[in-house]
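Heads up, the next two complexes both have subunit A, just with different partners, subunit B and then subunit C.
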Partner chain A sequence: MLKLEDVSVRFGGLVALNNVSLSVGTNEIVGLVGPNGAGKTTLFNVISGLVKPTSGRILFDTHDLGSMPVYRRARLGIGRTFQIPQPMHELTVRENLVVAQRFGAGKLDSVKIDEILEITGLDDKSERDASSELSLTELKSLEVAKALATAPSLLLLDEVLAGLESVGKRHFMTLLKSLHERFSLGILIIEHDLETIASLCHRVVVLNFGEVIADGTPENVFRDPEVIRSYTGAEHA
Partner chain B sequence: MIELVLQALYSGFLQGGSYALIAFGLALVFGTLKIINLAHGELVLLSAYIAYTVESRMDVNPVFAIPFALVLVCLCSVLVYYLLSFIRKDRELNSLILTYGIAIVLTNALLMIWSADVRATTSPWLQEALVFGPLASMRSELIFFLVSLILMGALWWWLARSWYGRAVRAVASNREAAKLMGIDPRLTEILSFVVAGILASFAGVALFSYGVIHPPLGEALTLKAFTITVLAGLGSIPGVMLGSILLGLAEALTVTFASSALQDLVGMILLLIVLFVLPNGLFGVTGGRG
Partner chain C sequence: MKVMLLRWAVVVLLAYFFVPWLFGANAYLMSLIVASLVIGGVALAWALLGNLGGMISFGHSAFFGVGAYVSALLAINADFPIWLAMVCGGIGALLVSVLMLPTLRLKGPYFAIAILAYAQIFRIIATEWRSLTNGVAGLSSIPSLPAVLWWESGSKISSYLIVVTLVFAFILVYRWVANSHYGLALRAMHESEDATRVVGVNSTLLKAAMLLLSACMTGMIGAFNAHYINFLEPDYAFGGVWIVIPIVAAIFGGYRTIWGPLVGAVVVYLVDQLLFKNIFPSGHQIILGIILVVMILFSPGGLLPLLTVRTRKRTC
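Moving on to the complex of A and B:
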């Protein structure tokens, strides 16, 4: 479904991504891990169109994304969440989803909106102001709900569990598993908690200094000496 | 004395309606693009001169100029957007320079076409006094106050209920997140300029119907719109109406009890007081993105 071929991003002299190639299949959950500054969020920005790659190709289904603008990628089926929730101020929770559905999916389906509200646990908060009346867990749920409303086939989740307490984390683990089952989504998720990645993902890709250093099942990847070195330092490998 | 106060409040209230028409356009463009269109006052003035031309050449009520003003002013407004789209870096800052340049060009174009003479309507029907007890106003003041209320209601409906109005609010709230929701921000930006043009068209005809116009007036109009937008709180569309009426009242009371020479000064003083006491304006959005 998603395929990156030798994608590089340079910001002046800084190489943020260097010849990154990876893929996410239909209905596959892929974890994207790596130390801080490895280029994970830059990779999300490149896929969603917020940053243009310096070189390389990004293919989504049969489309070469090239310089396709962000909003057209969203309409094509690439949903994305931000690490820091970005709700639409002055719009209610439901309005956030309805606008995302109208423009992202190109149709209106109130049954689907109700289903998304229910699965994300926001059904009793649907008329609340999205900017001021939600907790952090609810804001993160709204972030996922907004992306779901655009009817994506691929979901890019940027550290949705970061900053949450254990209850919130459990809520999200359940949420991600159930939405994967119900909506048949491909998911690429950035997460620092390796236990979460191991229990959730079919495959893990490890980035370090902008390069892919491992790609495989969680069991194999977390035993890879280079991956251990990148996380803990050479002396522990 | 009480009659004088009531009359001043009434006049200021009616004036506030027209100010709202001018200020909403500026606030809407600021909301979606985060830029201040310094040529907005000149667009209002262009509409006023179209009203003058229609009245003087066709010998009809200037209200009939509204369709012509809508076409020309909206075209000019979209042209301003087109020129702004060439800015690639530091749009917030560079747009100030560009729109100020456009304002100078427009002012000089108005001077070339209509000369520097002061113009006012000659329509006795528009200037006729309507008296309600101790309160008096020109018919045009009352008509355009009602027009302003209707347009504000329509604008409120559009922003709150229509899809593209909601998209405009979404882009104003968070541009990047709006794009990820499938919203084309350029479309909402053009729409904002078109709506600003529509409001400027009505505001210009209103201005000509009960005031006097001359080419340098555009700058003062932009300044009033900016004052109201900041008074309301940058990013607060609902506050613009109240800010407009507040400015109208302050100006009318100043003219009545002090001097008309201090009319523009009072707006600036009001602005300073609000900024000192309520830095986010009367209805300012205190929260940022995320």
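Moving on to the complex of A and C:
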């Protein structure tokens, strides 16, 4: 479904991504891990179109995303969340979803806003101001709900579990598994908690200094000496 | 819904029957009311771009002036019917705003300054293109507005009925946009443009649509004004007054509300002309300035939200 071929991003002299190639299949959950500054969020920005790659190709289904604008990628079915939640200010929770539903890909016609609110646990918060009346867990749920309301076929989840208490984490784990089963979504998820990645993902891609250093099943990847080195230092490898 | 219809019925009744009936005989008062509605129309168009589009413009004088000149020239030189000439005035302003589309890449004060520069360019063009605009000497004997019902062409009441209809049409357009899902997306874009783009909103197109619509509305009011005063010259048609007073009116009335700019224009202009000008014949605008500062400090939302809050509290 999603395929990146030798994608590089340079900000002046800084190489944020260096010849990154990876893929996410239909109905596949892929974890994207790596130390801080490895280029994970930059990769999400490149896929969603917020950052233009310096070189390389991004293919989504039959489309070459090239210099396709952000909104058209969303309409093709690429939904994403932000690491720091970005609710649409001045709108209620429901209005956030209305905007996402009306402008998004609109492929999952069976998904109604009330259903999304219920799935994400926001049904009793629907009339609240999205920017000022929600807790962190609720804001993260809203990020996922907005992405879902666009009726995506691929979800990019940027640290949706970060900063949450264990109850919130469990809630999200259950939510993501049920979303995957129910809508057959491809999911690319950035997460620091490796246990979560191991229990959730079919495959893991490890980035370090903008380069892919491992790609495979969680069991294999987490045993890879280079991955262990990148996380803990050479002496532990 | 019923309350809203009742409100509209009261406003329409007041505007179309009571105002002409009560003040129609007083030409001075009617001319003040028409002038306040002209400002209200520009303020509404300005607020549409400022509130929904999230762009503060210092360049609406360009649209006002271009609308005025296009309409006046078509009526004088090509014998266009006034109605058609006014529509063309709006379209002329819209086309001018197309030239300004590159400024949409700019944000905040940069957009405001860029569009101000455009406004100055059009004032200079109107001044220097003498073969078309007659330069600083301006255009005179611009055909008057058409007759309305039994009120003769160019009379205060017929002019009033035309401008009040234009302003009501603007409010309906504004309401339609604001209440649509485009309005939701526009409101959302102000502080979180990336968040709206990633859910499929073409933010550039929506902002451009607001600029074009706002320009067209301003151009039509400019065209109305040209046929109302029957005279144009560049420093008047493209003057700073069409930048400053509508902004003051919109902020005073509450530019985040649909009715605020209109209420602000009518209150600010009429109170200034009927009250402050009589008390302080020269320098009366100082009082307006002080009131505006006080309003911004104590009720940044403007007059209308202030009155709404007070009424709600009283009802509770």
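Points worth noting:
Rule of thumb we're sticking to: the second predicted complex is superposed on the first by the 231 of 237 C-alpha atoms of A that agree within 3 Å, B and C clash if a C-alpha of one lies under 4 Å from a C-alpha of the other, contacts with A are read in each partner's own complex, and residues count from 1 in each chain.
The criterion applied here is as follows: a contact is a pair of C-beta atoms (placed from the backbone, for glycine too) under 8 Å apart; a residue touches a chain by one contact, two chains touch by 3 or more.
As the structure is a prediction and not an experimental result, all values here were calculated from the model.
In the three-chain model built by superposing on subunit A, subunit B clashes with subunit C.
Legend: residue contacts after superposition of the two complexes on their common chain; A:Ser132 is shown touching subunit B, with no touch to subunit C.
Of the two partner chains, neither subunit B nor subunit C is touched by A:Ala16.
Using the contact criterion defined above for the overlaid structures, shared-chain residue A:Ser48 touches subunit B and also reaches subunit C. Shared-chain residue A:Cys201: touches no atom of subunit B or subunit C. Residue contacts after overlaying the shared chain place A:Ile84 against subunit B, while subunit C stays out of touching range. Looking at the shared chain after the overlay, A:Gly104 reaches both subunit B and subunit C.
After overlaying the two complexes on the shared chain, residue contacts for A:Leu148 are found with neither subunit B nor subunit C. Of 3-11, 21-29 or 75-83, the segment of subunit C whose C-alpha atoms clash with subunit B in the superposed model is 21-29.
The residues of subunit A shared by its contacts with subunit B and with subunit C are 48-50, 69-71, 74-75, 79-80, 82, 86-91, 95, 98-100, 102-105, 131, 146-147, 149-150. Those residues of subunit C lying in contact with subunit A across their complex are 181, 184-185, 187-188, 190-192, 194-203. By the touch criterion given at the top, residues 163, 166-167, 169-170, 173-174, 176-185, 285, 287, 289-290 of subunit B touch subunit A in their complex. Contacts from subunit A toward subunit B in the complex involve residues 48-50, 69-71, 74-75, 79-80, 82, 84-91, 95, 98-100, 102-106, 131-132, 146-147, 149-150. Those residues of subunit A whose C-beta lies close enough to touch subunit C in the complex are 48-50, 69-71, 74-75, 79-80, 82, 86-91, 95-96, 98-100, 102-105, 131, 146-147, 149-150.
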